[in-house]
Amino acid sequence: MNRNIDTFIGCDNEYDESKIVIFGAPFDSTTSFRPGTRFASKVMRSESFGIETYSPYQDKDLEDLEVFDGGDLELVFGNTPRVLNQIEEFTKRILDDGKIPGMIGGEHLVTLGAMRAVTKKYDNLHIIHFDAHADLRKDYLGEELSHATVMRRCYDLTGDQRIFQFGIRSGERSEFDWAKDHIFTNKFDFNGLEEVVQELQKVPVYLTIDLDVLDPSIFPGTGTPEAGGVNFLQLLDAIRLASKLNIVAFDVNELSPAYDHSGVSTAVACKILRELLLAIGIK
Amino acid sequence: MNRNIDTFIGCDNEYDESKIVIFGAPFDSTTSFRPGTRFASKVMRSESFGIETYSPYQDKDLEDLEVFDGGDLELVFGNTPRVLNQIEEFTKRILDDGKIPGMIGGEHLVTLGAMRAVTKKYDNLHIIHFDAHADLRKDYLGEELSHATVMRRCYDLTGDQRIFQFGIRSGERSEFDWAKDHIFTNKFDFNGLEEVVQELQKVPVYLTIDLDVLDPSIFPGTGTPEAGGVNFLQLLDAIRLASKLNIVAFDVNELSPAYDHSGVSTAVACKILRELLLAIGIK
Amino acid sequence: MNRNIDTFIGCDNEYDESKIVIFGAPFDSTTSFRPGTRFASKVMRSESFGIETYSPYQDKDLEDLEVFDGGDLELVFGNTPRVLNQIEEFTKRILDDGKIPGMIGGEHLVTLGAMRAVTKKYDNLHIIHFDAHADLRKDYLGEELSHATVMRRCYDLTGDQRIFQFGIRSGERSEFDWAKDHIFTNKFDFNGLEEVVQELQKVPVYLTIDLDVLDPSIFPGTGTPEAGGVNFLQLLDAIRLASKLNIVAFDVNELSPAYDHSGVSTAVACKILRELLLAIGIK
Amino acid sequence: MNRNIDTFIGCDNEYDESKIVIFGAPFDSTTSFRPGTRFASKVMRSESFGIETYSPYQDKDLEDLEVFDGGDLELVFGNTPRVLNQIEEFTKRILDDGKIPGMIGGEHLVTLGAMRAVTKKYDNLHIIHFDAHADLRKDYLGEELSHATVMRRCYDLTGDQRIFQFGIRSGERSEFDWAKDHIFTNKFDFNGLEEVVQELQKVPVYLTIDLDVLDPSIFPGTGTPEAGGVNFLQLLDAIRLASKLNIVAFDVNELSPAYDHSGVSTAVACKILRELLLAIGIK
Amino acid sequence: MNRNIDTFIGCDNEYDESKIVIFGAPFDSTTSFRPGTRFASKVMRSESFGIETYSPYQDKDLEDLEVFDGGDLELVFGNTPRVLNQIEEFTKRILDDGKIPGMIGGEHLVTLGAMRAVTKKYDNLHIIHFDAHADLRKDYLGEELSHATVMRRCYDLTGDQRIFQFGIRSGERSEFDWAKDHIFTNKFDFNGLEEVVQELQKVPVYLTIDLDVLDPSIFPGTGTPEAGGVNFLQLLDAIRLASKLNIVAFDVNELSPAYDHSGVSTAVACKILRELLLAIGIK
Amino acid sequence: MNRNIDTFIGCDNEYDESKIVIFGAPFDSTTSFRPGTRFASKVMRSESFGIETYSPYQDKDLEDLEVFDGGDLELVFGNTPRVLNQIEEFTKRILDDGKIPGMIGGEHLVTLGAMRAVTKKYDNLHIIHFDAHADLRKDYLGEELSHATVMRRCYDLTGDQRIFQFGIRSGERSEFDWAKDHIFTNKFDFNGLEEVVQELQKVPVYLTIDLDVLDPSIFPGTGTPEAGGVNFLQLLDAIRLASKLNIVAFDVNELSPAYDHSGVSTAVACKILRELLLAIGIK
């Protein structure tokens, strides 16, 4: 009799045969407003059986792709540096095995852990970043490791003109001012993404998606909902566009399931992950 | 002193004088993901008093239409064949009295019960079907009577090229493949509905609306929410368009009120029913 | 050691130096469907710290504007006339000090209290009114002071052709009929607002926003949600347009936070208030 | 075909044959903390079908008792004096027909309306009052008609030593002080009820139950929950004890269903009403 | 890299080495009031990591016991006879391997499936049954297979005087009447359990626990909550008492997690299962 | 016009005149199961206006006691050592001014910050600790600063036989084993508290109350609910008993309001704080 295996739908392949490895990073200790993203990966696995493996949008099926679901990392809440190390090590292992890591947050700071491993492997890494928030503060109440500073810390790894943000609609004035000289920030929507995709054809790319880029009407289950976001189909289009690039790693984060009793936010996150896997994994 | 009558707003007419008869079919036993549609009709009656009888969209008023609300059928949970018989018999009675039955589900399988009665009365019946899901599986885990097979079972009654689906955005690949040869499936929206309406001018039509055709942003209270749906005004337009046909029976289903604590889903369902009644009942 | 001051974000200035004074009017006794707007102002203060003081939409910052938050009035539930007097007196005091009052409801009837003070100070006052509901009944179950009659009572103060409604999508037929002769009612959206703004360049204007003008997908937390509303960006545009006028007083009302556990409705209301303050206060 | 009748379970008898007449008084306009009791009677009817007509506690069955459910009064929110008049008139009608009125609140102030009718019919009326709150303020923020003053207003009708309170565990010091000279107040539980029942054998009694006398662990769905209350079985015993008296009218109030998503509070209220009906109606 | 195994806490042993095998039976199709127990086993696995493996009540630890968690059966909603067969077969397999099956419902009807396997293996089987409801109807709306008839169907398997019920506080009068001649029904609590345990020392016993035997104050997350139940410590004592018998199979059922947003009901169910496993598995 | 002051009810005195100073420590970064206690102090201030200043249990009134509410500390989520320093410094300031600090958590780890200040001031400090969890782990996943280790860390400050725990009903076996030699651990309830109080008459005492010592039936709004707890009146008695000692500092923690939509948990926490203030402040 077999033990009870729990994976995201359609991601029940063997590790060795898999092209993509997804895993959960259940961490939300620096969240300043409403915590709860730690539950995202577990709930997404559970609820993913409410969707299908087949996408009528892309006419592709998860059954035609090898994905391994490595479960959740066991992270220590409250010790941020250590958590980032754990994420970096796990990501490195996947990269070393020649696979694409796909992390499910957790709060957005988890991206920094993965990014550290990815930048060590890939020179000239560029970042495509979908988000409602700029996340570009130098520090947050004096703290350098925070969900509100994560893209600034990623910038510390990549340097000027390597980060391309889309959908941004919240931040301090100083963040927007700083961005002008150092990264590409597109406010409100995905205008300009097409040009960026043409430009970055030859470089490795990390795609990080803070799901609060979506309008809270369709994605209320997140820590800091920001009205005026993109809709589901717009995000789908943007994902398919960005996936034409050489995506070497990706993450989706900031689902906080407990804030949406209807379960819609989780269902949306599951579909976004399915579409991401299909777009990146089956060309 | 009178007993306490409970009807949908504006539907408190005498049976004999009524053109349309609405009733609830509180059944959700085959729901595979999240049950709860059994409560829809009761809650809709209760909450309908939060809307008006007058529609500014159609400039019509329920006060100018005779509708009888027959309450809810007493259905036995767990015995699917018997439930379908009960629905068929009640629908037949309404049809025999020359009235238009309007059923409030319940899960979508209830449509099969009503359809059996309607196809027996009307030759050449065609079906217009608004839904997020194709519902075209041959069986579900070996079971032929299921919410996931209901349109396939309806197809068994009508035969090829009689079913016209709109808004479909979820299903197995095999469902979409099968559909190509047997029915008309329009993915994602209502494109093509206008042509269909022109084509079907002379035939009797059953209009079945799975409310999850709506985007879950506006209709989270349903068993299997699917992002990327139509919005309220698009559905309103589609209803008014379809109502130009000879609608001989109709249903709305898959509201699951407990999954939406805000009550918005129920309020939307109430308005859809009001608009349906006005569009079908007052020409 | 200082006491614990609780204000809306960025509204912690001195009274004497402030151009705008906001205050809460926590009253919902005449609400006929679902009460709870009494909690709006308190919750908005609390949750406002989840948004920023800077608006990327207007490129303005609350830190550059002097606003005083006067807290909540202590109103007596159940005694409507007395409550309206309390609101009128407080509004008068702000007006007498040459400041702009910005009231946070509460149900929409609170507007009548403020309006009484404003019409006494300003001759030729016009009203711009964003709402899903006409609120034009002569009485509601025989009662003249009701959320459902509030604009009719305001009309009693201003007379013909002084009220301009936008977004209206619910009401009795008789309300729409009456409106044709006495006020300007625009159904469903903000069409015509641009012309109205051009027309009213020289007159004092009261801007009253019933937040249920928003679609319930983005604003479910309200007493009587009405599908088919405007989206957040449309309301933002309308606010910026209307703010080109001489706004002498304004209010936002009908947030009922308990009906939206996700907190999105409150977050939206906070952003609307921020944008209102910036649009009216910084020209 | 019959219209859809909606009654509390087992209360579907003819008016003329009934000994007890229950009705809803959906009013909560003076509630100072959290409104919502207006929904109690409607939800109780709906949910009562989750319980049985038979009580294993009393070994009695509602099927052996004639009760008529008159539905809900249509009350005007916000106009307190008028609402009390409506309740008084309806109660009078039932009393005039020689029946026992059983009102379902609503906030506790509705008791005053019924009490006015009852005191006019019955000389020497005594009141047994189960509650967490003393409700004995002279006024509340200057207002004499309030849920917080209701027993003081009842006292104005009955005079000294006619009111017997049990379970009281919240109030201002001045309320407890006043009570010492004018009524019988038993704090925390039902100690002393047995003696009171012996004492009042020969007088007509009004039994008013504020359900928040129950501990909020079992009854969270109320406006002002007060820890330290009695449990379900204690209340059951007290009801059976009090029902040995000549109960000429009774009410249960302060269920606010929306504050308890589990539905347990409503289920408890339904059972309490069943037990009350059986205890009073079948001797 | 290992796949993601999901088990109840401390139940991650090999099948062959295990003394007890737990599994989920996610079925609720005959539930007449509020469905949702299908989610119980999955949620219990997930939330079990909020409790410890060690019980301070019994001073025993799950780490000292071999239990295998076989995951959930894949059951077809809506086809009751087939579901019962699936459960019977799986239970038989465990019994054939000489292990103790411990089923997690689902609605109470799942007990019938397991019982069929157990009665075939064990002559002279007796049943100890903790529940709020008698579940002794001959049929429910004409249907013999229902959660409301399950103990009557078990009686059909065992015959007279083999079933011992405790905690019963709801049912039709006819159920209580029938019980007097055929089984032992103890109303309200566990009085008499000690005597029963002494009496049944030498026979095989099936222990079935409908968790709604608990008071809804501590266990609101169930389909039909019944006030007046036992508390957690009383149930714990009863479990430890009953576990002195030769328990050859057991189940816990009727947790419906979605009705309790606090998660307390699930936490309680997890603890009950831990205590059951420890009491039955470690003597 | 005055700014909007927000304090716990009855705690609006001047700092200099106050005997007790309460403040919030909104921190929950090490919470391993369900975060959210960061919102406790803010919500308690808001909801405290639903209770009275007068306690019928103690016949005392907050109006007769000088308490200052210092608001919430601004703590950095994710940096545990720094947060503990902030708490220590603030506590020290209050102690230096000769007042009694009363902290509102937050997760239980905040106690360590306050304890560091208190142990520096008071030699021979003893701790009375009410909790469901032992919190005595040496480390948690290798981390020494955690809600699960907090009492072990306090032990590091005080040494053997200075900590007296009551109500403990969850922990690893090793915690209970360790406790036997080093502290006094009373399982399940308050047995033995009376003797402890007699014993500690002459020493300074820190009273720390993890509110999950209460049964989750009355206090579901906490991160890790543990059935089998004490009830409200038992906790009240224990508080009054412990308050006979020389309490030099105290805290209440682990309210997580979002997990209890009914608001009962918050109402209970408010009452516990009122009773604590009255018991400690008025002798």
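Lettered A, B, C, D, E and F in written order, each chain numbered from 1.
Assume a residue touches a chain if its C-beta (ideal position, glycine included) is under 8 Å from a C-beta of that chain, and two chains touch if they have at least 3 such contacts.
Quick caveat, the model's predicted, so the values are computed rather than measured.
Note on connectivity: the fewest steps through touching chains from chain B to chain D is 1. In whole angstrom, the spacing between the mean C-alpha positions of chain B and chain F is 55.
Rounded to a whole number, the gap between the C-alpha centres of chain D and chain F is 38 angstrom. Residues of chain F in contact with at least two other chains: 215, 217-218, 261. Chain pairs recorded as touching, per the definition above, are A-B, A-C, A-E, A-F, B-C, B-D, B-E, C-D, C-F, D-E, D-F, E-F.
Within the complex formed with chain B, the chain D residues making contact are 1-7, 12, 15, 21, 42, 45-46, 68-72, 93, 261.
Within the complex formed with chain C, the residues of chain D that make contact are 28-32, 35-36, 38, 74, 76-80, 82, 109, 140-143, 145-146, 258. By the touch rule above, chain F contacts chain D in their complex via residues 49-54, 56-57, 61, 215, 217-218, 232-233, 236, 261-264, 267-268, 271. Residues 33-34, 168-173, 176, 187-188, 215-218, 220-221, 224-228, 259-261 of chain F are the ones touching chain E in the complex.
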